[in-house]
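So, here come the structures, one by one.
One chain, subunit A, links the two complexes that follow: it is found with subunit B in the first and with subunit C in the second.
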Partner chain A sequence: MTVKRRRAIGKWCKAMLFVAPALICYIVFAIIPIINTIELSFYKWDGASPIMEYVGLANYKEIFANPIFWKALSHNLFWITFTIMIPTIFGIILAVMLSQRFVRFRLLFRVVFYMPAIVSMVAVSVIWNWILNPEFGILNRILKTIGLGVFAADWLGNEKTVMFALLIAGSWVHYGFCMVITLAALSGVDASYMEVAKLEGANPVQTFVYVTMPLLKNTFTLLALNSLIGSFKVFEIVYMMTKGGPYNSSEVISTYMYRTAFTNSEFGLGSAIATVLSVLIAICSAIYMKVSEREVDA
Partner chain B sequence: MKKRFTTIAALGLAAMVSLTGCMNSTVQKNAEESNKSEEAGQENSQGSSGSEGEGTYTDIILWDGMTDGDGNVLMQELADGFAAEHGIKVERVVMKMEDLRTTIKAAINSGEGPDVFSYEIGAGYLGVLAKSGLAYDLTDYAKDNGWYDLFMDNALSSCTFDEKLYGVGNELEALGVFYNKSTFEKYDLKEPETYEEFEEICKTLKEKGETPIMVDDLDQWPGYHYESLWTNAFAGCDTMNDILALKAEFNQESTAEGLDHLYEIVTNGWTIDSPNAMAHDDARKMFMSGKVAMYPTGTWEVSTFGSKEEGLGDDCGFFFLPAPEGRETSGVFGLGGSFVVNAKSDKTFTAIKFIEYMFNQENVQKWYEASYMPATTNADIDSYEISSLFMDWADSALNSPKQGNNLDVLMPTKVNEATGNYIQELLAGKKTGMECMEDKQSALEAETADGNYEAIEK
Partner chain C sequence: MRSKSKKPIAVTVKKLLTYAVLILTLLVSIMPLIWMWQAALVPSNKLNVDPFAIPTSLTLDNIKRAWTTGKMNVYMINSILVAIPRVLGVLLLSSLAGYAFGKLKFKGRDKIFSFMMFGMMIPIQAMVIPLYYNLQQMGLINTRLAMVIPYFGLSMPFAVFMMRAFFRDLPDALIESATIDGCNEFTTFLYIMAPLIKPALSALLVFEFMWSWNDMFLPMLVVYNDTSRTLPLGLMFFFGKYTADHSLIAVGVTICTLPIVIVYTLFQKNFIEGVTAGAVKG
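Let's look at the complex of A and B:
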């Protein structure tokens, strides 16, 4: 073995020494469970029995034949569409406003606006359940007080309003994160670009649209991607607030998966749903990355 | 290209990590391991005291679902009492029943489970554990130690699968209507004896500007109980027993009529505007604060509703939902759950003795005084200090000529899932009573065909 090769191996071993702890954790807690979940999706198993019956693709066939799956998937897509837009746009607007020098008590506002992001989802669900309560919820009361009682609704009990109600609660948690990330990105923008734009006669809106926004493109990509993946995973808020009801009107894939596996004790079917969901996320992420890469190249 | 592939692969992997982590690998592995240890488990089930030896008390772990109020205090007292009596430790882990249900199988399979635990009865719950060899077979011990005399028939029959006993029912519960006595007295109303009288009460209260009755179903499970109450009141206990014994079907006129009357409560404006949007906890608070006159739910609420600090105290009354004129009223009863011994535990002797201890003469009194009615025959109620509300429900129970069934604890989970959905649809006016009952019958037939439900003979 040459000295060069020995050195290379030594270098590799050293590198592996540092990587090993994280790698082992990743293999034990991520890779193996993933492989097991995929394997489990080909079995019929109640989670308790020592016998697991191999059923091939039957679990997948059952999923695709079940209208609740498609309903849940459509709710996920709805959720994705709006949770990418609402918190991101709201977060950006707040960040731009709070980055202006003329705004007083900026730190206080930043803290206040960010606070929902650190509240646990369970607490958020309880708070929004109260806000949206049909009998004593503050939202309906405000609407009635200001003469808009016609818009008061049983937000969580009506199939037409339930997804919007959940969406508002879900967005409320997320916009603070978007705001902080955008604020950080804004602080990194070179001030000379703004000065040049100003010298060229651009007004503040033009400066934001034509100078700031393109510079923040990577930040927007990060926020959107984060929202995209997070949206597919949406679970706690739906489960805590409606359990997917009324009559599956707010069912999302993760609540469907949870109920299938842990309530109905169909672990094989639940694993198949998890696998399908994972593939969907991977496809969405890949498409998104490809599109954004193309835009960067252009 | 390679970089792009790596990025995509990493993304995919990250997505799968985020989504599949909950499907713990140990689950499958444990299933395989349990396959190997099945023989050992069966061997264990044949014996009477496990590997610790007859008469040897050891530290045990107890998981139970008594998370609130007096029930929590009672269980702690029982655990501490047993530990002190035998000089051992009883490590108690308290969690909501839903959490217990989702973790127990993996816990037992991994060898990390409790020695004794509370669990829901019925084929879809305890039946699954029994079939899988995770619940200890108590048949021989029960026969040899007089359990068939100590416990009420249904406390044992509900935990019996393939003629083997896998647990004991813990406490008797009933579904009925709690009411605010002050509101009733204010309008000179009395407990109804027929459904028509019940409707009259609702009508009167509505006219007086009160909200007569709470119907909440955001959480879905209260819907199971509404169904049991109204179908039992209209179809009667015998018909419901025939359905459970698979001698009759759910989709018949009388059961559908019951559900249609439940919906009439909504259309007549006798309840809140949006039952499907009201959470159970909020509904309880509304009842306890006197904003609603009646609340149909289970007697597990007796200690809370009858509490002077938190609930209505002596102002709270209870009656069974009456049947229509000319039909027989029967209460809707069920067991709160069961105590089960882990078949893979090596401390089964102590675990069984702990169950026995909880229901001895002295401790049965503690159950009553905490407003729970243990499913045993050794109680001397007259000598106990019990609340007026508890006495009210105990009276109703003792005077009930027949005992109807709380359906959800006897039905497989998939049937309950269907129920959760169609009761919400019923309350929203999307389905009729008959359509709901047809859904239930289809779900039950499918589960019966899959072997997840067997006829229950009463």
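Let's look at the complex of A and C:
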């Protein structure tokens, strides 16, 4: 063995001393479980019995034949559309407003707008559960006070309104994030663009439409993809506020998976749902990473 | 002439409109939290009748009750005892690996790094079922350790990604001069590099702390007895059991949210930096 080669091996071993602890933990607690989940999705297993029956693709067939799965998926898609439309666009507007030169107390606004995003989803769910409560909730009470009492409803108990009620709570924690990301993007934008637009005689609306908006196109794509991934993962808020009910009218894939595996003890089936969910998220994430790389290069 | 006289009005309207939206959003963002915190101090006989009434008197009885009969003291200690080892472990492992990925040259470096980044694309739902059984075999169900150890692996992709980005930006000349001065890889890391990435470490620290403090999905599966419950689990349990006891729930929300809001306000710069770094780069 040459000295050079021996030195290279020594270098590699030293580097591995730094990498190995993290790498081993990652393999044990992330990679092996993923492989096990995929494996388990081909079996029928109740979680307790020593016998695991190999059933091939039967679990997947069962999922795709189950209307609740499609209902849950449609709710995820609804969640995606709504979060891209409401909190994402609202967050961008907030950021644009906040970065105007005359605005004071900018730090205060920014800190407070992001605050809902940092508290526990369990707490968020409890808070919104109270706000939306049909008996003592503040929302119904405001509606009654301003003479719109006819619209007061059992927001979380009604199949027609439950998704919107959950989405309002979900949006409350999300616009701050969108604002922070947009602010970072805007701070990178050369102020001279705006100056030129002003000198050319553009009014604020024109400046926004023709200068700011094109500049924020990448940011919007990034935020939309982020919402997409987040919307597939949504669990806590739905589980806490409705558990997917009433009658599966707010079921999402995560709650469906949780219920199948941990409540009904159908672990094979649950693993198959988790696998389908992961494939969906992995595809979105891969696109997201491509786009964000482009963003950095640009 | 006319257009000139119109301009100041347009500007004033724009300013007013901007402030109206900003202040309204400010209230929407913070009022639900403030109202919960004050509800924790309203005497329970009043709060149970009407949780939204303007309080006339305040009391600390609810907090005492939540502390003793509600076992909030146990939950809070558990939350702290879970957060500390989790945060320290993740910081240690990820800064070591991040240093190697960012500054050392070795065969397969980029391949191993990509392999670790793969984990960022996979949701925790894809791991929980086997994780649950692994933890059960290790006899860790219903222990605080079950809410700590898995994250040494699960938190790694993001943490390593962040640490690598910061180490990579440090100049190579630092390592060279340290080597000349007689440092080996490890002492270079400890005495030269680690102190320089304090901002990155504190950004990761506040994030990991927040995730630990607010964590619910995995803890909910692996812990179901009173002695190991963390605050979010305790609050969830409260919410299911004492639905009618509004004071106890309000105190639960307060103990769950107030510490993290304080940490966030103190470290808001790190938070914002971390959010932007995480989203734009990865």
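As a working rule, the second predicted complex is superposed on the first by the 255 of 298 C-alpha atoms of A that agree within 3 Å, B and C clash if a C-alpha of one lies under 4 Å from a C-alpha of the other, contacts with A are read in each partner's own complex, and residues count from 1 in each chain.
Just so we're on the same page, contacts are C-beta pairs under 8 Å (C-beta built on N, C-alpha and C of every residue); 3 or more make two chains touch, one makes a residue touch a chain.
Fair warning: this is a prediction, and the values are worked out from it, not measured in the lab.
Engineer: Looking at A:Lys233 after the superposition, I want to know if it touches subunit B, subunit C, both of them or none. Which is it: first, second, both, neither?
Structural biologist: both
Engineer: Examine A:Met115 and indicate which partner it touches, taking first as subunit B and second as subunit C; both and neither are also allowed.
Structural biologist: The second partner, subunit C, only.
Engineer: If we overlay the two complexes on their shared chain A, which of subunit B and subunit C does A:Ala123 touch? Say first, second, both or neither.
Structural biologist: second
Engineer: Let me test your reading of the model: by the given contact rule, A:Ile51 touches which partner, first (subunit B), second (subunit C), both or neither?
Structural biologist: In the superposition, A:Ile51 contacts subunit B only.
Engineer: Of the partners subunit B and subunit C, which touch A:Ala22 in the superposed model: first, second, both, neither?
Structural biologist: Touch status of A:Ala22: second partner only.
Engineer: More residues of subunit A are touched by which partner: subunit B or subunit C?
Structural biologist: C
Engineer: Of the two partner chains, subunit B (first) and subunit C (second), which one does A:Phe267 touch, if any: first, second, both, or neither?
Structural biologist: In the superposition, A:Phe267 touches subunit B and subunit C alike.
Engineer: Thinking of the overlay built on chain A, is A:Ala286 touched by subunit B (first), by subunit C (second), by both, or by neither?
Structural biologist: both
Engineer: Common interface residues of subunit A with subunit B and subunit C?
Structural biologist: 29-30, 32-34, 36-37, 40, 47, 129-130, 136, 232-233, 254, 261-262, 267, 270-271, 274-275, 277-278, 281-282, 285-286, 289
Engineer: Can you name the residues of subunit C that touch subunit A in the complex?
Structural biologist: Touch residues, subunit C against subunit A: 14-15, 18-19, 21-22, 25-26, 28-30, 32-33, 36, 50-52, 93-94, 96-97, 99-101, 104-107, 109, 112, 116, 119-123, 125-131, 133-134, 149-154, 156-157, 160, 185-186, 189, 210, 213-214, 216-217, 221, 231-232, 235-236, 239, 246, 249, 252-253, 256-257, 260-261, 264-265, 268, 271-272, 275-276, 279-282.
Engineer: Which subunit B residues qualify as touching subunit A in the complex?
Structural biologist: 4, 7-8, 11-25, 27-29, 31-32, 34-35, 38, 101-102, 105-106, 108-109, 124, 128-129, 131-134, 217-220, 272-279, 282, 286, 413-414, 417, 420-422, 424-425, 428, 430
Engineer: Where on subunit A is subunit B touching in the complex?
Structural biologist: By the definition above, subunit A touches subunit B via 29-30, 32-37, 39-40, 45-52, 129-130, 132-136, 154-159, 229, 232-233, 242-243, 245-248, 254, 258-259, 261-265, 267, 270-271, 274-275, 277-279, 281-282, 285-286, 289-290, 293.
Engineer: Sort out for me which residues of subunit A touch subunit C in the complex.
Structural biologist: For subunit A paired with subunit C, touching residues are 8, 11-12, 14-19, 21-23, 25-34, 36-37, 40, 47, 93-94, 97-98, 100, 102-103, 108-116, 118-123, 125-131, 136, 138, 141, 172, 175-177, 180-181, 184-185, 204, 222, 226, 232-233, 235-236, 240, 254, 257, 261-262, 267, 270-271, 274-275, 277-278, 281-282, 285-286, 289, 292, 295-296.
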